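What follows is a short report on a single structure.
Here the chain labels run A, B, C, D, E and F in written order, and each chain numbers its own residues starting at 1.
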Amino acid sequence: MTPTDAILQPRYTGIASFMRAPIATDWTGVEIGLIGVPFDGGVTNRTGARHGPRGLREASTLMRAGNQMTRTMPFQLARIADLGDAIPDHPYDCTASIEDLTRYFHRVQDAGIIPVSAGGDHSVTLPIFRGIARDRPVGMVHFDAHCDTGDQYHGCKFHHGAPFRRAVEEGLLDPKRTIQIGIRGGLNDIDLWKFSFDSGMRVIMMDEFTRMGIDAVIAEARRVVGDGPTYVSFDVDGLDPVYAPGTGTPEVGGITTVEALAILRGLRGIDCIGGDVVEVAPPWDPSGMTALTGATILYEILCLAAESVARRRG
Amino acid sequence: MTPTDAILQPRYTGIASFMRAPIATDWTGVEIGLIGVPFDGGVTNRTGARHGPRGLREASTLMRAGNQMTRTMPFQLARIADLGDAIPDHPYDCTASIEDLTRYFHRVQDAGIIPVSAGGDHSVTLPIFRGIARDRPVGMVHFDAHCDTGDQYHGCKFHHGAPFRRAVEEGLLDPKRTIQIGIRGGLNDIDLWKFSFDSGMRVIMMDEFTRMGIDAVIAEARRVVGDGPTYVSFDVDGLDPVYAPGTGTPEVGGITTVEALAILRGLRGIDCIGGDVVEVAPPWDPSGMTALTGATILYEILCLAAESVARRRG
Amino acid sequence: MTPTDAILQPRYTGIASFMRAPIATDWTGVEIGLIGVPFDGGVTNRTGARHGPRGLREASTLMRAGNQMTRTMPFQLARIADLGDAIPDHPYDCTASIEDLTRYFHRVQDAGIIPVSAGGDHSVTLPIFRGIARDRPVGMVHFDAHCDTGDQYHGCKFHHGAPFRRAVEEGLLDPKRTIQIGIRGGLNDIDLWKFSFDSGMRVIMMDEFTRMGIDAVIAEARRVVGDGPTYVSFDVDGLDPVYAPGTGTPEVGGITTVEALAILRGLRGIDCIGGDVVEVAPPWDPSGMTALTGATILYEILCLAAESVARRRG
Amino acid sequence: MTPTDAILQPRYTGIASFMRAPIATDWTGVEIGLIGVPFDGGVTNRTGARHGPRGLREASTLMRAGNQMTRTMPFQLARIADLGDAIPDHPYDCTASIEDLTRYFHRVQDAGIIPVSAGGDHSVTLPIFRGIARDRPVGMVHFDAHCDTGDQYHGCKFHHGAPFRRAVEEGLLDPKRTIQIGIRGGLNDIDLWKFSFDSGMRVIMMDEFTRMGIDAVIAEARRVVGDGPTYVSFDVDGLDPVYAPGTGTPEVGGITTVEALAILRGLRGIDCIGGDVVEVAPPWDPSGMTALTGATILYEILCLAAESVARRRG
Amino acid sequence: MTPTDAILQPRYTGIASFMRAPIATDWTGVEIGLIGVPFDGGVTNRTGARHGPRGLREASTLMRAGNQMTRTMPFQLARIADLGDAIPDHPYDCTASIEDLTRYFHRVQDAGIIPVSAGGDHSVTLPIFRGIARDRPVGMVHFDAHCDTGDQYHGCKFHHGAPFRRAVEEGLLDPKRTIQIGIRGGLNDIDLWKFSFDSGMRVIMMDEFTRMGIDAVIAEARRVVGDGPTYVSFDVDGLDPVYAPGTGTPEVGGITTVEALAILRGLRGIDCIGGDVVEVAPPWDPSGMTALTGATILYEILCLAAESVARRRG
Amino acid sequence: MTPTDAILQPRYTGIASFMRAPIATDWTGVEIGLIGVPFDGGVTNRTGARHGPRGLREASTLMRAGNQMTRTMPFQLARIADLGDAIPDHPYDCTASIEDLTRYFHRVQDAGIIPVSAGGDHSVTLPIFRGIARDRPVGMVHFDAHCDTGDQYHGCKFHHGAPFRRAVEEGLLDPKRTIQIGIRGGLNDIDLWKFSFDSGMRVIMMDEFTRMGIDAVIAEARRVVGDGPTYVSFDVDGLDPVYAPGTGTPEVGGITTVEALAILRGLRGIDCIGGDVVEVAPPWDPSGMTALTGATILYEILCLAAESVARRRG
């Protein structure tokens, strides 16, 4: 399972699969599945993330075989394929859609495949968790401007501002092994993210982030997640909007990509059992910057996952 | 109730209400209500029409006191106000949202106000009909690339491809007094719009439209709707996408704005009991062309409604 | 005075002068001067036309040596140069700027040069007229959505909605030999353009334009201007906004470029003593369409002027 | 070989192949191949058409199973697949690239597959001809602003302004059965397209096109190509730039999409042995209009080809 | 006076007032007035800031009830309303417009309202000062790429490069209590900002800014302004252009939003008697980034002002 | 040779030459030549840099007479002119084009002119080197995301990923006096830049760059290049893509402009014998940010070159 060779076929050519990975209709043998989740029925403000998987596939054709900084070669470490999209059957009903996606990620889990997903809005991470954490709660490194541990909103418990409260309630996510990085912005309810604090998540808001510096953030993240199974969830609105203008809930004054990439590389060695990049909304991204950024982040997460696969294989 | 005077206050100044009309919190005395319906939970492809009312308010500040072609002065003929937005309480559930909007438009009807609305996707026209046509079915002049007389899709009966089937079924719309203009594009089910034909609507597809010419289209529309109460529903995707790129389901090869404006002016004298402009999706409209076009169409519909008000007043 | 040869030097190369014409610091021998007028201090709504000359220079490098439809070779018929820009010394004062520009166009007239200008907003045509019509009134073929025969607005007599009233009052423009084509849009004062009608200008509003057809419009224009000296003033907002989105006062439902080019070519043989393209506002033109359209129109006017020069030369 | 069902999988989901057709690595049984040709090394002005296939794949996911106007169901008439891209091995050398592409299209011809291609610049049509017309010259309906029958330019005989001269010289194209529609714009050499006229091609320039009207153009095209094998080549710059801004050599004042679609549908019944849409350049297409337009045109050509396949099958 | 509740009414709904604050036609009881100043007649380069108030109103609907970092709830601390726009009666004459605005801000001062304004170009701060500093000079924290202490330019003393020289000359601004942060870019007159230095303003140019670090900048700003009444003027061109591309005089290499927000929060406790965000020019801001950034900055200034109001109230 | 005075002629006026410098057709007396190189035939991914010189000329009109940070007045230190463009005669053949450009830069060298060039893609630096380093190898400070020391690709030795290997091989560039700053991104061949390391170039990858800090980078650059003749080559993709989205091979996570400008100013005193800014691709730069950034960088390089000229003059 090798991706298209960009030396033979320039990167602007060919059908756009994630990272130019082979497209798998038969999942046999796949160790890591690149999966699109074109659902944005859980947003509270701007929609558009349903177009995220297409945008990320296109931009990810610019990624390459090896990671120059870490010298990781993900496609040599693990069998990686583009599994296509997880498509809810009830796009007009947020709650039913989350159920649809749950069934899909159960199938992924059944196949023994590590999901590295491209959203979609952040509500899709809950059904992913229902797959990967079916057997025991997992830890998480979470990049975001928002804690996403709110509660019911306009009659729905499963919107994109609440997945991690739900995940803790369902026993999928261990709040003590969860770190949330980049939190900022205004709040309509000043205690909106109280659940994060009460449940014991480690929350690094932007002002603390700036004071700590990257090395301390990396150390803290490693301390929090430890050696246990860990998911990496990257909402692009954790980044400053100049790096990710194409998103539904931008918040001014966020993480730079230099910082984000350094943190992700600083996580090498954790036991990465999946990850995602969410909230890429191409309609709000006229320059394509967000998709390019998101694809680069997704590639780094793929490297973490591939190294974990290789490590587990021994 | 006079709009802001653009001679004293240039058009780029001030808070953007529809047509710079006064903002009414008290509806007493209002004859025509300009209403935003920021809902796009019924779309089948691209979202974004939830931002339509804002975009149309902004663009409509370029409209002016009088219609140069017809010399109609709408604000002298009727008391017109911006009523703000009709906001569904269940944005994550299409079916429940349609119910929420129904209650709002019942209130508008109860107040004796003629609604001239700005969408939102086309699913919002059904709850508008439940208000204006509560007492008897109405006729309709309908501009669109799609008949919007489909049936259930992905578990929802109320999406933006079905409102007019529902309206006929509920006895709100008289199909014999309905004309649909500008229909075109591909179909996944080649008989998707069968209901239009079977129920007796007059469907003018684009190829017939081109052959007929504007004068014949006007004559046919007047013949179909006759003297009865008539609603004007304008989906901007009825226009060619160059005039309205910012929409969710663009179809190449449509009506020009010269043609659309001529037809609308050709309808003068019908009994216009309301109207709407729908499917303006600002995220897909980088140049603002769609909002400007939509606002201009909305102004023409407002003129038709104001003339009808004045006529009924005698 | 030959323009850069696009066969030797591809059109995307080199310093951008109008039509790739030679840049003249010494005006001796120049018969037709291509002149930029980067002034937009006379607009009533959106600004940005001050950037028009740069935008038109850039786009005009796509124009070519010969006109395929008419087989006119303007640079073989007349000595043509880019004279640079007419720059007002008082950009913060509309009235004083018009005086500054008047002095510039007197110099152009003194040098015996026919001005083919690129605006700037439409207020710049008045000082151009003060040059070219210093000795006797001229006729005009005027493309525009607005008659531009209004009066004082916000304390200024010389804004872009009034130049032709001023020109008639100053004896520069013969209203009986003036035709205005493409007029439309709303009006805050329904009799705003009364001066046009009262003074005897021929006004073709868009609805009449559509009914007449191109051949009749050409015939009417030729009848109105006759054999006398005639100026061609082309406000890009006369075109439908899809062809010219980048302008300060767009009006939906206008002339197509196919129609405009046909009319301009239909004017061959009139005594063209100058012309302009105005109201190109690049900040509102993300795709560059308006500048390309404007440059193409400017080229057609240049052909008319060059043919007139050659004809007068005998 | 059925395309993805848009009723089950909304059009914004899944990997973007042409028309959502199946991706074929094994060509066995394929009757019509949708092929991308990501090459723009032959342009004379703006590049970017190398990104055309990706843009067209993405936009073509909005196409649907059936053609509402003609009721043609192409995927029921013929076995259609996305063959991926024809990729030249020498992107830095225009002449060598044309040879590379020639080898590819010989293979397509050997497989008995009708190519319906997405460019790339217009230089790619010559190697396509070397495949489809290997055995006998073919006729052509050619939409374009340029005749593309020029000669050597800057040391290259195979650039995008010359393919049809080369095709005639190589005995691939029968000039007597060739019609060129939409020609316009300036010319650096006023006799640049002399070869078209001298060799007997029927050239319909835009002014004649406007005078003739659509029905006469259709009749003329049918008369010229007759019953023989006919290729349909559609350069999007034949359209007015408002419909196709994203192209390398835009020319103001062209064909509308209403006209183009009507002509293509008017060609039903000709013996269509292939076709292409070329010069879609996404970097110059911020709104995506050009790709959407191009995909719609490509779908119509696909319908013509599928009907021909079915007819030949009997 | 409470703003629209975003929990009940999603942020994309409703008429866009600043921060969704109530629109006040009666100023009684208002403590802080949010005021638009749609004037850009004082710019030296690109115009467009006249559209700033509209852009900022729209973007500010994304702001929320509370400031997560400081836990300030501005609408609970002070009575805040959107007062609409200050509109000059002489838009064609920069000098007269400044007089018009002066009268407006005298009225605001007479009403005892603290102005928090949204420009417009920076020339509008002078008339604001004539209101707030009518009785005694004030101090200022000034973010900008330019000192704006130049002199007459092209016959006008009141353009956007000179307001603070004028303010000192008129005894409105205490230069010893003025700090200017972010100064950079080229200069046509290398001593253009000599007045700042000569009058005793503290100027922190970008290279010093980088060397100092945020904490030292905050300390220095607090030292300079001390306990006296202090105005906060924020020209978005003080930010790096990636955060604020939509502005008239961008200068590469500026302040980040992380830095700017930290400094503004570091000013808590100063006696803030008003503030503004200026030079937001939406026509140059295709992604809306500048308006979002400007609205976020404006919200922080509003928090400073509200805390000062509450403190003075005791 | 003085540039246009922006005090007399606002920066948006006049024909756009580089930095508003005089346009020289006669090169006599010119010490520094500003040269456009509109060639992008050497790119491996996105094209468009052929439009870079036009974009940079336009944006550079915003530059000014003096450098506020360093107080350098380049036009007072050296005779500077815009020489126009270096145009290859074989745009369809990368290898031949490099030869064409070589002849041009030999002429520049013969005239004793220091070239400060605006690309074009990075392949153009090799022919520049063949001019300036004809007599002895030079050192280089090189900003880039890529080392550009690859080898043959798709049959061409002279593409934009290989110029510095070629320059070393040809004895034009001293690898021991070469420093490459900002390297990052993925690699298809993980040892693609092996030549840089093997030949002794100092490579500062982004992670080392972040750890070192600016002062150390400056010190290292000065140590590497020493007192010998040194070229400054600035590929805008060395910057983070938010500062330079309009480029062919963007890599997320790069240098900020604050950092880049500080480094360039930190190089004052080196013997700068030329420089360039390359890979500005306007079609991918909808906001114009890249051109503005590139022009600012080019101005700093011009200051370095002018100071060196003055120093050599004594």
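The rule is simple: a contact is a pair of C-beta atoms (placed from the backbone, for glycine too) under 8 Å apart; a residue touches a chain by one contact, two chains touch by 3 or more.
Just so you know, these numbers come straight off a predicted model, no measurement behind them.
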| item | value |
| --- | --- |
| Turning angle required so that subunit D lies on subunit E, C-alpha fit (0 to 180°, nearest 5) | 180 |
| Label of the chain whose CA centroid is most distant from the centroid of subunit E | D |
| Averaged-CA centre spacing for the pair subunit F and subunit D, given as whole angstrom | 40 |
| Averaged-CA centre spacing for the pair subunit C and subunit B, given as whole angstrom | 38 |
| Separation of mean Cα positions, subunit F and subunit B [Å, integer] | 55 |
| Multi-partner residues of subunit A (at least 2 other chains) | 10, 12, 46, 50-51, 91, 154, 242, 284, 286-287 |
| Contact graph of the chains (line, ring, star, complete, other) | other |
| Chains that touch, pairwise | A-B, A-D, A-E, A-F, B-C, B-D, B-E, C-D, C-E, C-F, D-F, E-F |
| Of all residues in subunit D, those that touch subunit F in their complex | 40-42, 46-48, 50-51, 89-96, 154-156, 159, 283-284, 286 |
| Subunit F - residues contacting subunit C, complex | 9-10, 12-17, 23, 36, 38, 50-51, 53-54, 57-58, 82, 84-85, 87, 91, 286 |
| Complex contacts: residues of subunit D adjacent to subunit B | 5-7, 10-12, 62-69, 71, 73, 242-243, 256-258, 260-262, 265, 286-289, 292-293, 296, 299 |
| Residues of subunit C touching subunit B in the complex | 44-46, 153-154, 183-190, 205-207, 210, 240-242, 245, 250, 252-254, 284, 286-287 |
